[in-house]
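This structure is in structure tokens; I'll ask about it shortly.
Per-chain residue numbering starts at 1, and chain names A, B, C, D and E are given in the order in which the chains are listed.
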Amino acid sequence: MTNELTTWLDTLLAELDGIEVRRTSRRRLRVEVASDALPALLELLRGRASFVHLSAISCVDWIDAGQFELVYHCWSYEIQSLVSVHTRIPREPGVYISVYDIYTPAAFFERDIHEMFGVWFEGSPDLSRFILTEWDGPPPMRKDFDSEAWVNQHFGWQDYHPDWLKDLEARGGGIAVPPNEQRFSRRTVDET
Amino acid sequence: MATSPTTVVDQLLAGLHLPDGFDAVAGVIRESLAHVTNSAIWTRYGQQSLEWLIGMNPVDRLFMLSALTLLLMLLLGRLRSAGVLAVLLYGAQFAALLSTDTLFGAPVAAEVRITVADQSLHWSYDALSWFFAMITIGAAFVTAWYAAGSWMRRYREAGQSARAFHVALALNCFGMLLLVGSADLLSLFLGWELVSWASFLLMALVGGPGAQAALKYLAYAISGAMLLLGGIALIYSIGGSFEYGAVVAAIRGMTDVQVWTLLLLLGGGFAVKLGLLPFHLWQAAAYAEAPGAGSVFLGAISARMGLFGIIVFIVGMIGVSRLMTLEIPYTFMSSRELIAWIAALTIIVPTYTALQQHDARYLLAWHGIGQGGYMLLGLMVGDAVGSAGGLLHCFNYAITQAALLMAVFAVVHRTGTADLNQLGGLVTRMPLTFLVLLFGIISLAGLPPMAGFVSKWMVYRSLITEGMPLLFVAAVVGTLGTILSVYKLIHNIFLGQLRVEHQGVAEAPLSMLIPMLGLSALIFLAGFIPGPALSWVAQVQGQLGLPVVPWVLGGIVDPRGGLDMIWLVGILMAGFGVGALVFYGFGGRSRRVHQLDNYAGGHFLTADVHYQYSDNFYAGLMHLIGPWYRGAFRWLERSLAATLDLVSFGAEGLYRVAQPTLLMLAAAVAMLAWVF
Amino acid sequence: MRPENYEAQRQPPSYDYELNIGPNHPGIEGNYAFKLRLNGDRVIAGRADAGYLHRGFEKLMEGRLWIQNLAITPRICVPDPVPMEVSYCLAVEDLCGLVVPERAQWLRVMQLELSRIAAHLFIFGGHAATTGMYTPMFWGIADRDLILDLFEEMTGGRVYHIYNIPGGVRRDLPDGFGERVTNTLDYLESRLPDYDNLLFTNQVFVHRARGCGPISQQQALEWGVTGPNLRATGLKFDVRRDDPYLVYDQLEFEIPTEAPGDAWARALVRRREIKESIRIIRQVVARLPTLAGPIRCPIPNPLAWNVPAGSTYTRVESSKGELAWYVVSDGGERPYRTHVRGPSQMHAVQVLEQLAIGCRIEDVAQIMFSLDACPPEVDR
Amino acid sequence: MTHIDQVPTPGAPLPVEIGVKAGAARTNPFARVFDELVRFAQSRSLFMLHYCTGCGAVELPPAMTSRFDMERLGIQPMVSPRQADILLITGYVSVKTLKRVILTYEQMNSPKYVIGICSCTVNGGMYWQSYATAKKLNDYMPVDIYIAGCMPRPEAVIEGLRGLIENIRTGRADAWKDYYRRYDYYLGNQQRLFGADWQTSTDVIAEARHYDLFGPATLGAHTALLEQHQRPLEALEMRIEIPELMRRRSRSDQDGTAQ
Amino acid sequence: MDWLSAMRLDALAAVDFHWLGLVLELMLMPLIAFVAGLGLVLMLRKIAARLQRRVGPPLLQPLWDIIKLHAKETQTSHGLIHEIGIVMAIGGYVAAVTLLPVPGMNGLAQQGGLIALLYMTMIPSLGLALGVGQCANPNGSIGISRALTAMLAYDVPMVIVIFGVAFHFGSLNLVHMIAAQQAGGVATWGMVQMPLLALAGLFALQGMLGKQPFEIYVAPAEIATGPMVEMGGKFLGGLFVMQCFQLYTGGALYVTLFLGGGEHWLTFLFKVFVVTAIPMTIAMVFPRYRTEDMVRLFWKWPTMIGLLGIAFVMN
């Protein structure tokens, strides 16, 4: 039965213009669609093909191409298939349309993407800060945000060589890791 | 015979046995008095009047002073100092009452006897009259003091007439003195009507919702008076006389059916005033919406006039033992049990209605109705302790309710609202008012060591020894409801979050504070040493022919478990001492913090957040009993209230378009049409 | 907080008041906050407030090697970490086209199901504690510790195991492990009637939980509810059966469902899932001796491992619901983008906010625990 | 966080005074016995705050419940910071949490102890490069004991608590005094992270003044910065102001009322 | 001024004071109650621990808790009423325990009586309510509203029991009750004479001690320990002291009414511990009710049982 439905879905999607469909596995479909056609496609998937479950919306920052890629993962309980709808929007100004009226869970994901990438979703019910309410830096998930630089600027590092440890190390104990061997500590650079 | 104020004061001071330190004070008083007595006006008029006054029969003197108060208020009520004058005059009335000496002596009859249409009206004071008159004048005294200063200034500024207020208060007091001193049925009815109309005046003074409630009250009062009149007519038709002695004889000779009729007529008439179920609906709004100080007076004593009538007729003349023999046909209940159950329902229903109020004034007014039930319940038990408890509760309740209402109106005076949801945290701003309210609620809830505990204890005690389990449970349930509701009162006004707009609120003005503090001291004293009040009650019992309570200074003695408040309070204070020792002695030094420095689940509290838990305070309980309100008496209340609203609306409209005289005429015609 | 927050402002004349549940509150699961606006004890509105556990996992993973990321994936969901690492491994394997040996797949199933039991034992104690009964919590967590002992023996770690690597698992079972697993499962099964008597048939608990936070099936589909919470509304859906991964299609197990969709149904579904998980583990224990062979397939040098470009979306059924990873590789030695979709992202935010409206303050904590929300999944 | 330039860098931490008790100079033997008793009671009764700040909290239930049973040592969980003695920082603290943790710490009654559980509290652990988590807890509040590990087992937690108990009994666990004595340092670090206008609703300086816990570095550049902008939150003391007592009778008491 | 003299002020002189013995009682009885209360708290925690399959706290744990809390070096107060509330909470129970007759010390109990004792135990609730109110914490206020509701619930069966017992013994005096019960051995115990009332009383005791399923006002997961939420240091310590007295009062009252009091201290304390153990054991295997369920339960079953009991007593 599932197979028949899968075939039906394939024919349904094949009839549509302007999208690129690729079946990656038995239960996975990858669809590429232009950004202006995406809401209509989702509407179709939900309304005609029983894709009632929006599993997630993922955002990828393709900084070199100057684009954000938005991926809508929809699952159908009947067809037992997951369709990942990919679309790309320009990185600037980073504005897109909300699909909240199609999928209620989109509210959370859009809010999250707005917070982490700074993409504005037109029509989303609530794009106020959620996780980073007390954050005043740039959207941190963008590729041009350098987390390590931020850390070095804002946080102090634990002193790995307090005086009392030096005594211990002189006597052959302790956890002696020379500063230049501390691989991931950025303090190594300006160590005196 | 003393003929000058100086000698009067000398006698008074000598009688008080003041310690030596007060000599100086006495000297100052004497000097200033001498200054007055030397003036020409005094020697011309004052001396004579004083002599005349002092030479009078004590009851006449009391009436005369009361009438004088009324007159002076009519003439001078507009003056700024009328309040102070009123305080002095009520004080003089109080002194006159004390000098009647009727409590421990023989009854004194007034010399003023008026003969109307072949029937003479006369008055006499005995222990019962003294007891109620004492409460009345005391209430008027503290009310007048409370109203004398800042409150009255505000009242005037609001465009109200000070004279009307003073007159209404004096008229109320006068009427009640006439009522409690009545010695025959006609004078009783006269006093009754006077009190009813005077209360109406006091309620309707400020207009608005108060006037509407007062009109509602009027409808009740008139019908109550009609019932009363019917009762009087019945007695007269059988006994042929209005004199009490004849009435007692007439009642003794009545058949059961006649007594039942009498009981329904008189009981109904008095129940309206007392606010017994199901005639309680008018009271809360009428008392709560009266002008502040008037509400204090009304709340403290006004409704007790109904209880007075019940005591005189049902307890005194018919007698509890007669009530017990009056079976309700086809049931195993006697009329005494019926009344006791009405009393119990009067405790429970209004108390739990009070629990739902959002307005502090209404909350207290509803409690006032409920507390009336305790008094009646105690009287209906009829044994020594129970009836003493019921009578004592009159006194204790009066001081408690006066203190509570004063505190609430002091808050209203300062903040402009009595809405329990718009207040909070005022304890830091009005600590003395808080103290008064605290004493008051402890007493109202009947917890030791305050006055209310003693009288309620006596009612419980008698219910247990007389074997009335269900009534006992009902009484305790009422008390528990009271505790819940008064905690809500004090929490929502004084505890919790201080609202931003109340940051600058100041303590109540001194003129209001002094009577409040005095009353709260009295509340504590009457709980600590209930003996004096019990001695009055014992006299009343003796006069009514009830068994007399075995009282001592600290309470009552009884082999089956007495009460000694001196011990109990002592133990409680010792307990507090131990608690304080544990807390302050062994604990480290504490530091006061701001309200925003508070646990909020780890969050920061900020100034714009309203975090006071006030509305629907007993939400959990209301999930269970909330539907009962809607299901049962809410329905009753609403239907009755709707009818009365309609009537009062019509009456109000008539009042607006027509002259007052026309209204009075119309009312008289309606009354006539109804009665005949 | 800024000073102006302490400045006198006019308070709203409303009769409602505000109450915060969390982050420092026993009625909240983990470090999470739920801000309530109430009237009496009735919730007018609730607003979830997250971010207390935010570490920026997705950002961190972009900066680390594919193999390094294994260490931090389980940290995303603390009470039930195994599905995280398994699904991440599945994603990497999918991108690289690795074929995992069968024995490793069965070992993963065993680990997953043990973790599911542990998580359920953990949560129903918490659920009971929100209603004031602490004994099940003490018992449940002590019994969960027995499973942690098994984990320790199997993987070397009590809570975080990092047992899976792309291509298989790190090491094989120690000798006699199957027997010890069976013993523990026998013990757990013998305890289940005790739990039933204490909690699941306790009339007071049933009274409290029944009708508390009900979700209809329609609403569940609308709001994106998954996992036991979805099954408690009567929908027989389980990723293990309907979108199978590993070897779940070869296993026999029931999918317990309950119709009412309230807290009581959710607790019962979990209770019955413990039974099913025990059944699955018994099958695995019986099957494992027949499966000789490698426990992982060969992979390139993990410190210089360029995963082919592409993207994948892998879903597993964690104890809380549908858990998915969206992993994008640009052919480099680090992931270009990872996105984790935890079930609690729905349950702890939108569903909780919806269910809180009109419920009573007594039930807020119970609703949260019965949804089995896991705040670190929301925060990442 | 962009206010970082407005806040001066806190100086190098002063050496921590270890084992110096304020009342150590007592000569009365009874007082000494009393102190001993109190310290013993303090070590035997530790209420720990129920605040799961991070993932290490998952090992606390096992430590508290039937298997390891911390109540044997007199340790039990408590709900609100007022009731608690121990603040367990169980793992990484994100900046948002750190603010709450600091508030919670300041709301606790002294003597109070901070235990940093998990490596993340020591040096950021595996989230060293995360923009959202604080790296070093003892910059923001004095830490009595660190229990390293990711995450430490219940045995390790209990062992750490035993160490704390021993420290309390011998009077060495007085890091909480350090918060009063070097408030400027801690406040400076907090200001660098949260902005120059950071203020909690607790008033640490007033508290130090009230309890005579001032140290050489309680006040400094950062507390001066705080005092510049802070809104004072003094306790709402009871106030008996009867205007008629203060004023002439003739004046209306209109202005004594609420606005 | 005859009315003054008529008030029999001279009655003061007629009261017989046996001062010294009573003052000694006043000092000793709270002390004994406190020590017994510490034992009861320990027992509570030990029973809980054993039912939860663990060891539980050491012997002197309740004492260490109290000492530690009082010895806190900084204490947070929200104002005078916050402090007075705790004093009232302790003081009310101290007064209540002195009004309980115990072997050898009945002097103060003679002055009290059952109703006075019942109302004395309401003073701590009121004190606590005031103190918590001043804290201005919604959790605390909700807790107090629930605590008062709980009081309304359990006091109904409680007063029925009190009525029945007082009617049965024909006295409100606790000393008389004990004397009547001890007159004929176990057969005259209240429990044997009035089994239904004893059952209702046990229900009420469960509510009075605030144990599950009636632990609605602490409810950590709902309102963060309600009244205790802003209590720290000596404030919480005071509540711990109060808890000792509360447990003792509850147990001793039940023993006095139904188990014949104590002939001497050993049997008395034994009975108190046994009686108090019952609610604690029940508490560990139940969740808490919602508020209205608790009220409904108390107004239904124990009330019905109690009224039946009264019917038997009064027949």
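Everything that follows uses one rule, which is that a contact is a pair of C-beta atoms (placed from the backbone, for glycine too) under 8 Å apart; a residue touches a chain by one contact, two chains touch by 3 or more.
Predicted model only: the values in this text are computed from it and were never measured.
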Chains in simultaneous contact with chain B and chain E: C, D
Co-neighbours of chain C and chain A - touch as defined: D
Chain occupying the middle, per Cα centroid: E
Farthest-lying chain, centroid of Cα atoms versus that of chain D: B
Between D-E and C-E, the pair joined by more C-beta contacts: D-E
Chain whose Cα centroid lies at the greatest distance from that of chain A: B
Euclidean distance of C-alpha centroids - chain B vs chain D, Å: 55
Separation of mean Cα positions, chain B and chain A [Å, integer]: 73
Between chain C and chain D, centroid-to-centroid distance (C-alpha), Å: 33
Centre-of-Cα separation between chain C and chain B, whole angstrom: 66
Junction residues of chain C, two or more chains touched: 1, 6-7, 17-19, 23-26, 41, 51, 54, 56, 59-60, 63, 138-139, 142, 379
Multi-partner residues of chain D (at least 2 other chains): 50-51, 65-67, 79-82, 96, 99-100, 104, 107, 129-132, 200-201, 207, 211, 233, 235-238
Per-residue overlap in chain B, given as positions that touch at least 2 other chains: 425, 427-428, 431, 498, 501, 589, 591-593, 595-604, 611-613, 617, 619-620
Touching pairs - complete list by chain label: A-C, A-D, B-C, B-D, B-E, C-D, C-E, D-E
Chain D residues within the chain E interface of the complex: 37-38, 40-42, 44-45, 50, 65-67, 69, 71-72, 74, 79-85, 107-111, 207, 211, 235-238
Of all residues in chain C, those that touch chain E in their complex: 17-19, 25-27, 41, 128-135, 138-139, 142, 198, 202, 204-205, 207-208, 360-362, 364-366
Of all residues in chain A, those that touch chain D in their complex: 132-137, 140, 145, 147-148, 150-151, 153-158, 160, 184-185
Partner chain C, residues of chain B touching it in the complex: 421-422, 499-501, 503, 596, 599-604, 606-617, 619-620, 622
Interfacial residue positions of chain D with respect to chain C in the complex: 49-55, 57-59, 61-62, 65-67, 77, 79-81, 92, 94, 96-97, 99-100, 104, 126-127, 129-133, 150-151, 153, 195, 197-201, 229-231, 233
